[in-house]
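Shared between the two complexes below is chain A, which has chain B as its partner in the first and chain C in the second.
Coming up: the complex of A and B.
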């Protein structure tokens, strides 16, 4: 293959690998919105908590991030359930502004706590390094590992939502909570489950990002924006939309960084967000699922 | 059916309004958290060394303490580096008090944390001067913060020895009378590296940098030096200060085929670039970073991956400049780790300030300023302290180090390098380095 073509392939692969991790974040946000009609502004900060948990497990006790993931996700699931029960449930069904304010407050609290406890210094989890060279294309090993794990988790969630009875109950609640209630689904329980699941997914994304990137307490904001852009691009409520939208954003950022520069790459999520709302507000896969 | 659809659309629009306002909030609140929690920083331990140890030449200092104020970046993006500077200030404070203080009076440092933020630093110095009424001040870390603090120094007419900054913009206006550099300006950082590149016969250079004051200055200087030496600059690009991912940039550099990669960076991005270069199997023949590469932290964080990387250094522990070996010894005894050049520049500033106060014989800030503007003296740094008419440092000499087998080796200029020590080139590809 020509040199420049090889480079393009390499950039695209880089983007796709990253996109799968974004997908975890977006899918979680999507589920929470779908079931509770709540915009979770603290979502990015939950990702940040997952990242730091992984960092501390690695730094203090040398725990491999993949193993840490196994411990961190359930832990964060429980945290999510607790948050939903104690805080978020109060604003379900309330005017939109209430949930925005609540989750914004939660976000500021989490960011502030992190800044205070762990300082603003940058951290990273350099557990994996190196590249896999296949046919002239260098694939980053940390990214490849993060991609594989993210893909596996996404597949598991998909199977859960489509095959498991509880998963179908979640989808039913997302379609119409009142009818689901009438059908005998314990909607309150579903809400607990979904917020917990969304939080666990965000934390998993954070754990995987800690392996690829550097992390810091305010990182939640930037990633939240990406998650918003993704679910708007993919279409609110659509699982496939969230996944494909995430890959698309990853690739778009990679190319923007290559063709122009890294500053432009950081703006891509915002551009996508505004662009999609102007041109095709329903997103790629339309609305309700 | 129509009724149901209408409800969904209204919901949808409400949601869009919600997301829209949330997005605006997200975009606007970027730095709010960072600068918001300012005033809470506690005054750093202003330790006053007890002169109870062996009586030294000046006898025990007595009388009201001479207060010296400063802020350093203890946390934030430059936290690791700022800490070295603070430790140097603390060491000198202890030593000068053990020697009998300044003008027979004890010296007391008041050090605050500016969190690597320029506006915080500016505010802290104003407080130090107006509220704490310090007699003298010493500089903060990073050119960005120093640039803001220099305005305060000029306004209140306090001589400022810039112990942790070297961007030429600080002096290029030519109208600052109270700000004095202590080590070489950023533009000269890559002198040694590019000299080595030229001697090795490399022809192409890629220059990347963070888009803040100091890194940009080192990059611009590198570009100019490269062209002067007949090298071709094939890529010049910047990345944002809080960058998490430079993989697209690295792929661009790789595609450019540049033999030399010069990075205007601080420590976090130097580490990031090196790591992601390895992950993308990119290994230029020569790689150098302006800050970070010469810090012990670089080798600690990367292990063997740090090998072959070059970096400019303002100072190295093995130098035999006046007071240097003693400085290193006592620093290790006090702080439990080796000083890095940021400690040395901080310490050098203290040495110059001490000499100034002794020469002038008082705390008269105007006379101290005049003395600083015309003095020449040797400190622990290579070369000597000497500033030009704008206050910019011109007597200092830049060193270049290279990581070899897990340790830093001083390789340039030859007169400071250990006998037999020299640079190793070219850098082998990653696959041959496992």
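Coming up: the complex of A and C.
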């Protein structure tokens, strides 16, 4: 292959690899919106918590980030269930303003706690390094690992939602909570499960990002916007849409970063998101509400 | 033998009566008392610069800034139910417009402020036209994103804005003049809300909030009205931003486009009671006075305490102070409040 073609392939691959990690974040946010009609502004901050948990496990006890992920995700699942039980459940079915403000408050609280406890310093988890060269294309090993794990988790969640009885109950609740209730589904428990699952997925994304990126208390906001862009691309409530949207955003960012600089790449999410909203208010693959 | 049969309509009426919450007979404050309190508040606000220290006047300026933001946000979001996170964007836009007109073109501060308000309204029109077609959640998220885009533009457009270095204004700010300008702005925003709330327009906006499709069906030109109030609502943060820039003499993208401007505005309005005239004013004064105290005592814990405070407001007082007062029968359930 020509040099420029190789470069293109390399940039695209690097984008796809990162996109799979974004998918974890977006799928969780989408599930929570689908089941409860709540936009969780604190979703990015849950990712931040997952990233810090991984960082500390690695730094203090040398725990492998992948092992840390296995420990952190269930822990964050419980945190999510607790948050739902104590706070979020109170604003389900309330006007949009209540849930937006509540989750913004939570976001401010978590960011503030992280700043106070762990300072504003940039941290990283240098657990993996190096790159794999296949046919002249170099692929970063940390990204490859993050991609594989993210893909496995996404597949597991997909199978759970489509095959397992409980997963079908989640989808039924998202479609119509009242009818689901009439059919004997314990909707309140489904909500606990979904917020827990969403939190665990965000934390898993955080654990994987910790390996690739730098960590800081306010990282959540940028990733929240990315998740929004992905959901707008893929349509609210669509699982496949969120996955494809995530890969697309990853690739778009990679190219923007390659052509211009990382600052512009960070802005891609916003541009995508506003562009899609203007052209198709219901999302690219989604149906309008 | 004729039996008395309840018609369906009567049965429905009885059911509705049984379901209606028992409202205590509202206490309607006598007109003289209302006017008296208003006069006292006006006297304190006008006399403040003559009797208070510079610190207190500056605090008053900041509190009035939040009143102007909360009331103007209320005009759109409190009445139509469209939750706007755009105030940070309009505030930042106003701050940069004001700062650039003063430093580059040497405009007087008040003219720069008016121009910033005008630009805010124009941009409001341009932004509102596409985004107000979006339904609730999408609209909220879209404006959150647009405010962030504005921050990025201000950071990247270095030839005009000097990027992250920020702009330093000549230290000519006259605190007292700026205080009175902000007082006028806060009064204007609140008076506008009062006038709208009592008008047909106010009723139509409430109809949009309760059921937009139904409002459209009965002939409310929803898109046009939403656009009108969005534009009006965007002018105030524009002027406020310019006045703030002049007063603080230094602005940078991270400060004036911070999402905090939107969140604290929304929290203020909700604390007092969104969709009421008095609520956002009381909420802005109360919440930000409290925040000022917290800020001085615990600078590092500020975001934590503020976040907790917001959560408490949402969970325990969803209708705000006004909702509480009206439920208890302390104030009339009238649109004039």
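The rule is short, and it goes like this: the second predicted complex is superposed on the first by the 287 of 289 C-alpha atoms of A that agree within 3 Å, B and C clash if a C-alpha of one lies under 4 Å from a C-alpha of the other, contacts with A are read in each partner's own complex, and residues count from 1 in each chain.
Note that a residue touches a chain if its C-beta (ideal position, glycine included) is under 8 Å from a C-beta of that chain, and two chains touch if they have at least 3 such contacts.
Just so it is clear, the structure is predicted and the values come from calculations on it, not from any experiment.
Undergrad: Superposed on chain A, are chain B and chain C clashing or fitting side by side?
TA: clash
Undergrad: With the two complexes superposed on chain A, say which partner A:14 touches: chain B (first), chain C (second), both, or neither.
TA: The first partner, chain B, only.
Undergrad: Identify the partner contact of A:108: answer first if only chain B is touched, second if only chain C is, both if each is, neither if none is.
TA: So A:108 meets both chain B and chain C here.
Undergrad: Identify the partner contact of A:133: answer first if only chain B is touched, second if only chain C is, both if each is, neither if none is.
TA: The answer is first: A:133 touches chain B but not chain C.
Undergrad: Contacts for A:87 in the overlay, against chain B (first) and chain C (second): which applies, first, second, both or neither?
TA: second
Undergrad: Looking at the overlay, does A:273 come into contact with chain B only (first), chain C only (second), both, or neither?
TA: The answer is both, since A:273 touches chain B and chain C.
Undergrad: For A:157 in the superposed arrangement: first (chain B), second (chain C), both or neither?
TA: neither
Undergrad: Check the residue A:100 against both partner chains and state whether it touches chain B (first), chain C (second), both, or neither.
TA: Both partners, chain B and chain C.
Undergrad: Scan A:53 for contacts with chain B and chain C and give back first, second, both or neither.
TA: In the superposition, A:53 touches no partner, neither chain B nor chain C.
Undergrad: Give the label of whichever partner, chain B or chain C, reaches more residues of chain A.
TA: The partner with more contacted residues on chain A is B.
Undergrad: Check the residue A:124 against both partner chains and state whether it touches chain B (first), chain C (second), both, or neither.
TA: Only chain B is touched by A:124; chain C is not.
Undergrad: Do any residues of chain A touch both chain B and chain C, and if so, which are they?
TA: Overlap of chain B and chain C footprints on chain A: residues 33, 37, 39, 96-97, 100, 104, 108, 111-112, 115, 221, 225, 228, 232, 236, 263, 266, 270, 273, 277, 281, 288.
Undergrad: Over in the complex, which chain B residues touch chain A? Could you list them?
TA: 8, 11-12, 14-23, 25-27, 29-30, 33-34, 37, 75-77, 79-80, 115-116, 211, 237-240, 242-249, 251-252, 254-255, 268, 271-272, 275-276, 278-282, 301, 305, 430-431
Undergrad: If we count contacts the way the header does, which residues on chain A are in touch with chain B in the complex?
TA: So the residues of chain A touching chain B come out as 3-4, 7, 10-11, 14, 18, 33, 37, 39, 41, 96-97, 100, 104, 108, 111-112, 115, 119-122, 124, 126, 129-131, 133, 138, 140-143, 212-219, 221-222, 224-225, 228, 232, 236, 253-258, 261-263, 265-266, 270, 273, 277, 281, 287-288.
Undergrad: Using the touch definition from the top, list the residues of chain C that touch chain A in their complex.
TA: By the definition above, chain C touches chain A via 77, 81, 83, 130-131, 133-138, 140-142, 144-146, 148-149, 152, 155-156, 259, 263, 266-267, 270, 274, 300-311, 313-315, 318.
Undergrad: Spell out the part of chain A that touches chain C in their complex, as residue ranges.
TA: Chain A residues touching chain C: 33, 37, 39, 87, 90-91, 94-98, 100-102, 104-113, 115-116, 221, 225, 228-229, 232, 236, 263-264, 266-267, 270-271, 273-274, 277-278, 281, 288-289.
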